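So that you can tell them apart, the chains are marked A, B, C and D in the order they are listed, and the count of residues begins at 1 in each.
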C-alpha cells in the first residue's frame, strides 16, 4: 500500500515539474495556460490520491473519513481548475491578445 | 422535489465532512442542510424534473475513468513538449467548430473535457460555436472527435 | 529538515513583498499580494497555528483579493509619475520608514524570544487554559474556548469592529437615490456588464451550495477542529460573492437584499451581546455562560458553556457573512448597486 | 516515510518559487494570474503534506478543502476584470512591442 502511495506522489510531483517548466518556457500566455490547466490538475490529483492512500495505511475509521475528505478536495479541484483556466483564457481572448504562432518567429 | 434532492445531497456531504454520529451533530447537520437547500436549491438543479437525472449521473460516473486516462495522456503530452530543447512540435493555433450538442450541461461538460485533454483549451462558447486553442497541429485535427460522441450519449442527445 | 520549509517560504514572502512594492500596476500588486496570502497561510500551518492559517485561507482566497480587484476596477490601473518634488517625497518616505522601523526594532527587543518557555504568557495564562479547557467547557479546541469564552469580551468587540467596518463602507460608498443609465457603454463602445461564459456559471452554481454547507460545517465544528464563526462567516459570504462574479450583482441582491444584509449584520452582533445579557439577567456576570444551564433544558453548567459558545459563534458568522457581502456589493458597484465587477 | 514527504514538500516549495518567478516577471498581468492560480493549487496539496508530516491530517485537511473551494473565486474575479477593461485596448498594453501602432 505504501509503495503504491509513494508511486502516486512521485508521479504527481513529476507532473508538477512539467507544469512549472511549461509555465516558464512556453512563448505566449495561451500555451502557458495549457501547462497550468492540465499539468496542475493531474499533478494535484495524483498527489492527493497518493496522500489519501498513505493516510489509510494504519486502518481506522477516522482515517477513512480524512481520506474521503482528501478525495473531496480532489473532486473540487477537478471541477474548479479547468473552469478557472477557461475563465482566464476567455478574458485574455476578450482583451485581444494575439496567439503566438510558428510563423512569427524570424 | 429539488428541495428534497438538494437536502439529501447536502446531508450526505455533511456526514462525510463531519464524521461524528452523535445526535447533537446530526441535528446540526439536519438544520444546516435544510437551510442550504432552502437558500440555493435552485442553483444546483436548474429545472424541477430531477428524477431523470439519476441515469445521467450513473453514465457520467462510468465516463470518468475514460476521461482520466485522456487527461493523463494530455498532461504527459504537454510535459514532453515543455521538455523538448527548442519546442519544435509547438504550433499553436485557434480552431473553430460547431457542436451538435444542444443542452447547456452537456456543452459545459464538453468544454471542460476539452480543456483537460490533449493540447486543447476551450476559449469561448457562443451558441453552437466553440473556439478552441490547440497546441500542436495533430491535436487541432482531432476535434470534435470521439469525446463529443461520448458526452452526447451520456446526456441522451444522440 | 523542517527548517527548509521555513527558509524557502520566508524567502518567498520577502520576495513577494518587494515585488508588490516594485510593481507599477495596481492589479499586478494585488495578484502578488494574493500569492503572499497563500504563503502566509502555509507559514502559519507550518508553525502549528492552525486556526490563524484557516482565517488566512478563508480571507485571502475568498474575499480580500476580490475586494482589491473590485477597488482597482474603479481606479486607474497604473501609477502616474509625479511631476514635481519626487526626490523630496522619496526622501521623506525613507526617513519616516527608517524612524518607524527603528522604533519597532527597539520595541521588539523587549519581547521574549520566540517560544521562550519562561515568558509570562506561557507561565501563567496559557497553562491554565490548556489544563482547564476540557474541565471548564468540554471543548477540545483551546483556541475556540479562549476566543469565545475566556476572552469572550474581546471577541465581542472584535465583531463590533467588523460591524463598524461594514457600516463605514456602506456609509462612505453607498449612493442612495441615484441611478446610472443601464445601457451605457464604455469608451470602446462595449456594454458595461462583462459577459461570463456558461461554463463558469454552471460550475459556480454547482459549487455554491457545497461552499455554503462547508461554511456551516466550519461554524458548527469550531469546537473540535480549526475554524469557527469568523472563518465560516467569511466562507459563507464568499459563496454569495461567487454568485455575484458568475452572474451579476442583481442576482446577489435578489437573494441577499440590502435591508436583509443590514438586518443580519446587526442581528449577529445582537445575538452575541444578547447571550451575555441573558447571563446577567439570570444573575451571573456578563458572558458568564455557565448560568445558562438553568434555561437550557438538561444541561450541566459545563455543557451550557459549550452550547453558548456555539450560539456566540453563530452570531459572529451571521454578522461577518452579511458584512462581507455588503462590502463586496458596495465596492464592486461603486455604491450604485446596479452593475460592476 | 516522513522524510520522503518532507522531501516532496520542499520540492513543491522550490517549484512554487519557480512559479513565483513567472508571477513576478509577467510580462502581462494575465501571466501573473496564471502564476497565482498555480501557486494556489500547490498550496492546497502542500497543506495536506504538512499535515501528514506533523501527523495531524484531520486538522489540516479542512484548510486545504477551504482552498480547494475558494481558490478559483479570486481567479474568477481577476478574469472578470479583464473581460472588461477600457484601458487595455487603448494603450496596447497586451500586444507585443512590434504589434503596437
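Note that a contact is a pair of C-beta atoms (placed from the backbone, for glycine too) under 8 Å apart; a residue touches a chain by one contact, two chains touch by 3 or more.
The structure displayed is predicted, hence computed values, not measured ones.
Asks: More contacting C-beta pairs: A-C or A-D?
Replies: It is A-D, judged by the count of C-beta pairs in contact.
Asks: From the mean C-alpha coordinate of subunit C to that of subunit D, what's the distance rounded to whole Å?
Replies: Comparing mean C-alpha positions, subunit D is 20 Å from subunit C.
Asks: On a C-alpha centroid basis, what's the spacing between subunit A and subunit D, in Å?
Replies: That pair's centroid distance is 11 Å.
Asks: Counting only Cα atoms for the centres, state how far subunit A is from subunit C in Å.
Replies: 28
Asks: If a residue has to touch 2 or more other chains to count, which residues of subunit A qualify?
Replies: Residue numbers touching two or more other chains: 17, 19, 33, 41, 43, 62, 65, 69, 72, 76, 80, 83, 85-87, 90.
Asks: If a residue has to touch 2 or more other chains to count, which residues of subunit C qualify?
Replies: 197, 199-200, 203-204, 206-207, 210, 214, in rising order.
Asks: What are the residue numbers in subunit D that touch two or more other chains?
Replies: Correct list: 33, 35, 58, 62, 65, 69, 71, 76, 78, 80-81, 83-85, 89.
Asks: Strictly by the criterion at the top, what is the full list of touching chain pairs?
Replies: All chain pairs meeting the touch criterion are A-B, A-C, A-D, B-C, C-D.
Asks: Along subunit D, where are the residues that touch subunit C in the complex?
Replies: 3, 6, 9-10, 13-14, 16-17, 20, 23-24, 26, 29, 32-33, 35-36, 39-40, 43, 46-47, 50-51, 53-54, 58-60, 62-63, 65-67, 69-71, 73-74, 76-78, 80-81, 83-87, 89-90
Asks: Going by the contact rule set out above, which residues of subunit B touch subunit C in the complex?
Replies: 6, 9-10, 13-14, 17-18, 20, 25, 28-29, 32-33, 35-37, 39-41, 43-44, 46, 104-105, 107-108, 111-112, 122, 124-125
Asks: What does subunit C use to touch subunit A in their complex?
Replies: Going through subunit C, the ones touching subunit A are 197, 199-200, 203-204, 206-207, 210.
Asks: Show me the residue ranges of subunit C that touch subunit B in the complex, using the header's touch definition.
Replies: Listed in rising order, the residues are 197-199, 202-203, 205-206, 208-210, 212-214, 216-217, 220-221, 224, 243, 255.
Asks: Which bits of subunit A are touching subunit D when the two form their complex?
Replies: Touching subunit D from subunit A are residues 2, 6, 9-10, 12-13, 16-17, 19-20, 23-24, 29, 32-33, 36, 40-41, 43-44, 47-48, 51, 54-55, 62, 65-66, 69-70, 72-73, 76-77, 80-81, 83-85, 87-88, 90-92, 94-98.
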